[in-house]
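The following pair of complexes shares a single chain, subunit A, combined with subunit B in the former and subunit C in the latter.
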Partner chain A sequence: MVAAAVAAKNGKRVTLLTLGAGTLTIGGGIIDVLGYGDEGVPLATPRAGLLEVGPEHPYKKIGPVAIEESLRFFKEICAAEGYPYLGSLDEMQWVPTAAGTFKPTCLIPKTMDTTQLNSATNVVVLGFEELKDFYPHLITKNFKNIPGFQDKNYEMVMIDPGLADGRDVTALDVARWLDTPEGLQDCIKQMSTRLKPDSVVIIPPVLGTRPDYVIADSLAQALSCTFVETAAVPPSITGFRLRTMLLSYVKKLGVRIVEQAAVARSIVENGKCTAVVTDGIDRERTYYAKAFILANGGFYGGGLVAEPGHAQEPIFKLPVAAPEDHELWANPNLFSNKPQPFAKIGVAVDETMRPLDENGKVVLTNVFVAGRNLQGYDFCFEKSGNGVALASGYQAAMSMDREIK
Partner chain B sequence: MKKHHNNPDSCTACTVCIAHCPVTAATNQFRGPKMVGPALERMRLSQEDVEPSLEYCSNCKNCDMSCPSGVPISTLNMLARAKLFKTRKHSKRDYILSHGEQAAKLAAMMPFGAALANMGMDMSRGILKMIGISDKAPLPPYARASFIKQFKALRQQSYPDKVVFYPGCFINYNDPKVGMDFVAVMQANQYEVIVESDLVCCGSPLVVNGFLDEAEANAKINIQILKKWTDQGIPVITCCTSCGLMLKQEYQELFHIEGVEEYAKHLYDAGEFLLELYDKGRLNTNFGTLNEQYMYHAPCHLRAQGMGLPGLELLELIPGLEVKDVDAGCCGISGNYGFKDDKYDIAMKIGAPLFAKLKESGLSTTISECGTCRLQIAHGAQVKTLHPMTVVRKAYEKYGK
Partner chain C sequence: MQKATVVVIGGGITGVGVLRDLCMRGVDAILIEQQDLAYGTSSRFHGLLHSGGRYAVKDEEAGRECIEENAILRKIGKHCVEETEGFFVRTLLDDESFEPKWLAACAKVGIPAIPITVAEARRLEPNLSAKIQSVYRVPDAAIDGFRMVWQNVASARTYGGRLMTYTTVIGIEQSNNQVVGIKVRNTLTGEISNISCDFIVSATGSWSGQIAALAGITVNVQPDRGTLIAFNHRITSRVINRLRPSADGDIFVPNGSITILGTTSSAVKNPEDNIPSTKEVVGLLNIGEAVFEDLKSYRMLRAYAGTRPLYSADPNAKGRGASRGFVTLDHADDGLTGFISVVGGKFTTYRLMAEKVTDLVCQYLNVKTACRSAFESLVDDPSPELMARARGCFPSYGADLAASRLGATGLEKVVERMQEQPEKRQLVCECENVTLAEVEEAAADQTSFMLSDVRRKTRMGMGTCQGAFCTFRSVGAVDANGLAWGQDTKTLFQEFLQGRYKGIRPILWGNVIREMELSRGIYEGTLNINGVINHATK
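Up next, the complex of A and B:
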């Protein structure tokens, strides 16, 4: 989506072929650039980590200048859409999670800003009746084990969104309740009897489903409190907002989106791709273009396919290096301080994000690769998922602009 | 993608479908696509498992469209509904809503039947309400003369290039103008249109209420008739996106009918077909200038077909015409879902953001391919509606004037 935004911004006519709504809605809606080093040690800043990544890492290929530019580009999108993000490469943001832990990240919506939380003496952990997967007592208990958070006073408050009659309640249901004027008023009324002004309040990600701060600002103003949204389990409201925002932005730039477009293969002539072909339930459809950006995910999204001892990128048949002995694909110690080898399997690229063969030669001159299709990083382990997606999407579209005239 | 595998185990329970389900957003009585579809399907495979909230699924297909793992969630729901009705009786309401074709045929057979039926419908809204059809819902009146009747009276220019048109019940009995506009557009492109009068309802309204066996019987009749043409390479075209989806996709997902894959290759949406002609340099682009502004609503059942929004792209070729995609999601009606008394409010709530954006636009007319979307939009947003083919025909007729 970022690649489409950059290309369209550069005046290209862009078609986005999509299959499914992508994983933004199940991700955290924050931009993790780099949280942990190779040994699982937390980094001081994302920028410090960028200096240490190995030669295979996408960040190494992209380089610090383009990474910085990509973050700026993203923040410009957010500002233009009225949902500005905070943060920079020079500061690690530690955001609270619904499990009462903290995770490192880089760019965050302002509803996840922890500045006030870090200095507060009194903290309210606010839950909602019937909401699953957000338990204030668990958060409080775990916070008390975290240095810097042990000596704070915690108070637990529950709000009733009136959703008991119906299905299991998710954060999305509560966010939709707050989207309505009646829900917002009811919530303010309930909170006003239980929250003291100037409190710092930890809250699940429920401050509205739309990519703006209308709900957050309304609550903050009405109650004179600071609300801090946690990272939580899917469906992720912060991720939902991020997706809505990016979609809105690319549509304004005239990007044409085709849903349910299952790209099955490509047509290649003389080292160049001339078209990709979708394999619908009815028939094939061919999409011609001057250049192509591949950003359809890893093993989970179908951008990479695996069988024992062998992995492949199915559309362009790009080479994917993987150990022949599939026993070597996984690190059996799930919670060890080492990344998972399978997570690093992907397409090798040059500095312009063009795919390389085993000898390091560019395979297709007008194809660029971004996101989890790339090799060399375990996003889950090092916390770099949306960061690599953003920086490589930016780099792929910018290189395309330079290379394809 | 090819043929969907109705395998609930492809679901990783990622919850993307929950976030994109319009019914889930509108009511917390529905347990959501993930739970009611693949999660409970695993139970249903081994034992009878009755999930009361299954009735809330509208088969709009936004879950299927959002799924990163290609699970046809809504189809699992429809199959479960059919299984449920193997041992239960259908309500009168569901019978009536699913068998609109029978009633329409009856009305069409009598002299002044359509007019009498329309009068009768106005008077019997109270009775319909008693059996569970909303007295507020925008039920469509019958046209005075069906499409088939009007088509038979039309003298077409004969051309070597031919297409078969599948009108579907809504165009045939309620909105024949769309069909006649389509024929005019094809004639302007030097195509002769063939209409087979023995074709039956595609089965979409039957499937959503669990009449799966009847839908399969209809599928067999339609495929047998249409295959005669598709085997010769003659394309079959629909102007109704729900009929189109049913004829080519849901027939494959729901039934095992021989030859359906080959036949499906020749099925086209009208906009898609004309846009392909444009790509081949074969489209008649002698459009007159239309200095008009419209909003456009993409039906969910078009988006689900993996071809983008061809109708909208086609309209962009007409000089002077400005059409803006409202892009506000499902209208809520989903076939006959919004006609049901207990679903009317849900359908209106689903469509509310769309209606608000249409009203906000200040434009008096919205274009959309789907007949029931147009009913719901006219009802909810108080605007006029048109099918893209009507506008394309108008542009041809305006040429040189």
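Up next, the complex of A and C:
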């Protein structure tokens, strides 16, 4: 979506072929740029980490200038859409998670700003009755073991959104409840008897489904409290807002969006792609273009497909290097101080994000690759998911602008 | 010091069967297990209740034992058995001349083998290959190994049976060539203690050689490793056997919502050698394609491996050549009275093995009570009143599932929790329909020390998502209810997820790697449960 936005901004006519809701609603809606070095050592700032990445890492290909530009571009989108993000390459943001840990990230919505939390003496952890996947006790217990958070006073408060009615309640249900004026009023009423003014309140990501701060500001004003949303398990409401915001932005730029477009193959002539073909429920459809950007994810998204000892990119059949011995794909332990080899499998690219073969030669001159299709980084381990997506999407669209006339 | 008349070593199906039988006959017994119950071989198999057809040709006695015990276990353990029936199918690759031999052997042993047409077989099981040559119906069934072990324990407990898990044997105490006690170590705390006893029964399967060696006695058990694959759905509603002499990858068993394919066979030194390899999995898939042609397109959940305890008086016999029958070794013959090993055998015949061992022990103890293990159900059925109460508490079809898992006594306790606190009705594991109340009940059991122990008792985390969602919920739930066994939540998360990862790692392709990327995205990417947290860098 970032690549589409950049290309459209540059005056290109853009068609976005999508399949499903994508992974934004699963991730945390924050821009992780780089949190940990290769041995799992926490970095002082994302910028410090960018200098240390290895030659295969997408950031090395993109370079610090374009990375910084991409972040600026993203923040401009957020500002234009009325949902500004905070942060920069020079500061590591440590945001709280629903597991009672903190994770290092870079750009965050203001509902995840921890400035007040860090200096607070009294912290309230607020849960909702019947809400799955948010356990206040887990958070308070673990915070008490984290340096800087040990000496705070914690209080647990439960609010009843009255949603149970015999079914499971997710964060999305609570966010939709707060979207309604009645829900918001009910919540404020319940909170006003439980929360003291000037409290810092840790809350699951439920402050409305829309990409704005209306719900967060209403609660903060009515109760004189600071609310801090945690990173949490899917469905991720912060990710939902990010997706809605980006979609709204690219639509305004005139990007044509085709949903449920399962791209089955590409048509290639003389080292150039002329079209891609979708295999829909009705018939095949062919989309012609001067240039193509591939950003349909990794193994999870379906942009990479794995078989024993072999991985491939199914649309353009781009070369994907993977160990033939499947035992080498994964570390013996799920968690260790090393990245997972399988997580680094992907398409090799040059500085312009064009795909390379085993000899380092460009395979298709008008195809650019971005996001988890790329090789050389383990986003879970180093905390770089949306950062690589953003920077490589930006770089892909910018190089396309330079290279394709 | 603890005391018992008999110490049973080994918390697999044989050990719990012996414990149950001894207690039913009024003998004071305690069982010790080095890990959790059903951790070893008793959960690392197909989940097949054999008709005996698999053994009829090669080992008539094993075949006969199977068909007799098959009928008994359907009665006493009906909540653990799904009466699927089975097919023996001959493919183009299988030797035609084996078919009449097999039919004759089944007839001789008393295993009904009813021929049906290939067309009829494919109407009943549409995924079967069209190239199949002939099909016979046999009374195979599916059996839940975990549940069978647990319900034996539940039964033994009602007769005063005791057990200690995470307890390993470090010495066998003897005096004048007579067993007087056993020295054990708690593997979680390191604490060493003695239990005085008159008898030791080693029902330790592949570990039998190691236990006997503690008393300086040799028992020739060759651990034989078998790898299996669990598929995400029911490929078949019946057990499917290849009609050929026993070989790799020749049995599919539908178990609950999944299907299991196995096995391989390779001799190993270490009975704990249970990490499956990609090579074994790919080998099984290649063989299995002869029966289900689309096999490679089906989603796998995990692979796992266990070791068969193959006993041979001849230390050189190996693999499928060795007998699958069982023997009871009275080590009085080796100069130590009060020490018995029961080795070999298979899951289907565990009750019979337990009966023979218990007979021998009772002979020494001069206990004359007759064996009743074949006549009495493992757990009572819930009453209609209790089921009506349960239906008011459990979501959708969860009431019947829970009743089967828990039996009347367990269900009563869980329903009480739910009626007192309606919020405990929440589903923690959606794949397997496990409620918070059940997780809490299992976590509070004296044999639960970590989340995986709860998993084995409830099936939480064993379904389609392989813990991607329920790990977080179960950690949250045990922590919020003060049941975390003093462990920090990072340990709880890692122990549970690593357990799931072990079976996923060898099959990281197709939809399995997709699921893995989702799980890692949640626990490592978003929740950062393993990363160093260092605010000082801020």
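Assume the second predicted complex is superposed on the first by the 404 of 405 C-alpha atoms of A that agree within 3 Å, B and C clash if a C-alpha of one lies under 4 Å from a C-alpha of the other, contacts with A are read in each partner's own complex, and residues count from 1 in each chain.
Please note the rule applied: a contact is a pair of C-beta atoms (placed from the backbone, for glycine too) under 8 Å apart; a residue touches a chain by one contact, two chains touch by 3 or more.
All values derive from a computational prediction rather than experimental measurement.
> Once subunit A from each complex is brought into register, does subunit C clash with subunit B or fit beside it?
fit
> In the overlaid three-chain picture, which partner chain does A:G22 touch, first (subunit B) or second (subunit C), both, or neither?
It touches subunit B, and subunit C stays clear.
> In the superposed arrangement, does A:W94 touch subunit B (first), subunit C (second), both or neither?
A:W94 contacts subunit C only, not subunit B.
> Which of the two partners, first being subunit B and second being subunit C, lies in contact with A:D279: first, second, both, or neither?
Touch partner of A:D279: subunit B, not subunit C.
> More residues of subunit A in touch with subunit C or with subunit B?
C
> Counting only touches as set out at the top, which of subunit B and subunit C does A:T121 meet: first, second, both, neither?
neither
> With the two complexes superposed on chain A, say which partner A:N359 touches: subunit B (first), subunit C (second), both, or neither.
neither
> Return first, second, both or neither, reflecting whether A:K251 touches subunit B, subunit C, both chains, or no partner chain.
It touches subunit B, and subunit C stays clear.
> According to the stated criteria, A:Y300 is in contact with first (subunit B), second (subunit C), both, or neither; which is it?
In the superposition, A:Y300 touches subunit B and subunit C alike.
> Under the stated touch criterion, which partner chain does A:N270 make contact with: subunit B (first), subunit C (second), both, or neither?
Touch partners of A:N270: none, neither subunit B nor subunit C.
> Based on the superposed arrangement, let me know which partner A:L334 touches: subunit B (first), subunit C (second), both, or neither?
second
> After superposing the two complexes on chain A, what is the shortest C-alpha distance between subunit B and subunit C, in Å?
For subunit B and subunit C in the superposition, the minimum C-alpha gap reads 6 Å.
> Which subunit A residues contact subunit B in one complex and subunit C in the other?
23, 26, 166, 168, 234, 300, 302
> Enumerate the contact residues on subunit C facing subunit A in the complex.
Checking each residue of subunit C against subunit A gives 277-278, 281-282, 395, 423, 426-427, 430, 469, 472-473, 475-477, 479-480, 488-489, 493-494, 497-498, 501, 505-506, 508-510, 513-514, 516-518, 520-522, 524-538.
> List the residues on subunit A that touch subunit B in their complex, please.
Residues 15, 19-23, 25-26, 163, 165-170, 172-173, 176, 234-235, 240, 251, 256-262, 264, 278-283, 285, 297, 300-302.
> Quick check: in the complex, which residue numbers of subunit A touch subunit C?
23, 26-28, 32, 35-36, 40-45, 91-92, 94, 97-104, 118, 129-130, 132-135, 137-138, 141-142, 145-148, 166, 168, 231-234, 236, 298-300, 302, 305-309, 326-327, 329-330, 332-335, 340, 342-343, 379-381, 383, 385
> Mind pulling up the subunit B residues that touch subunit A in the complex?
1-4, 12, 14-16, 18-20, 25, 27-32, 35, 53, 64-70, 248-249, 252-253, 264-265, 267, 303-308, 313, 327
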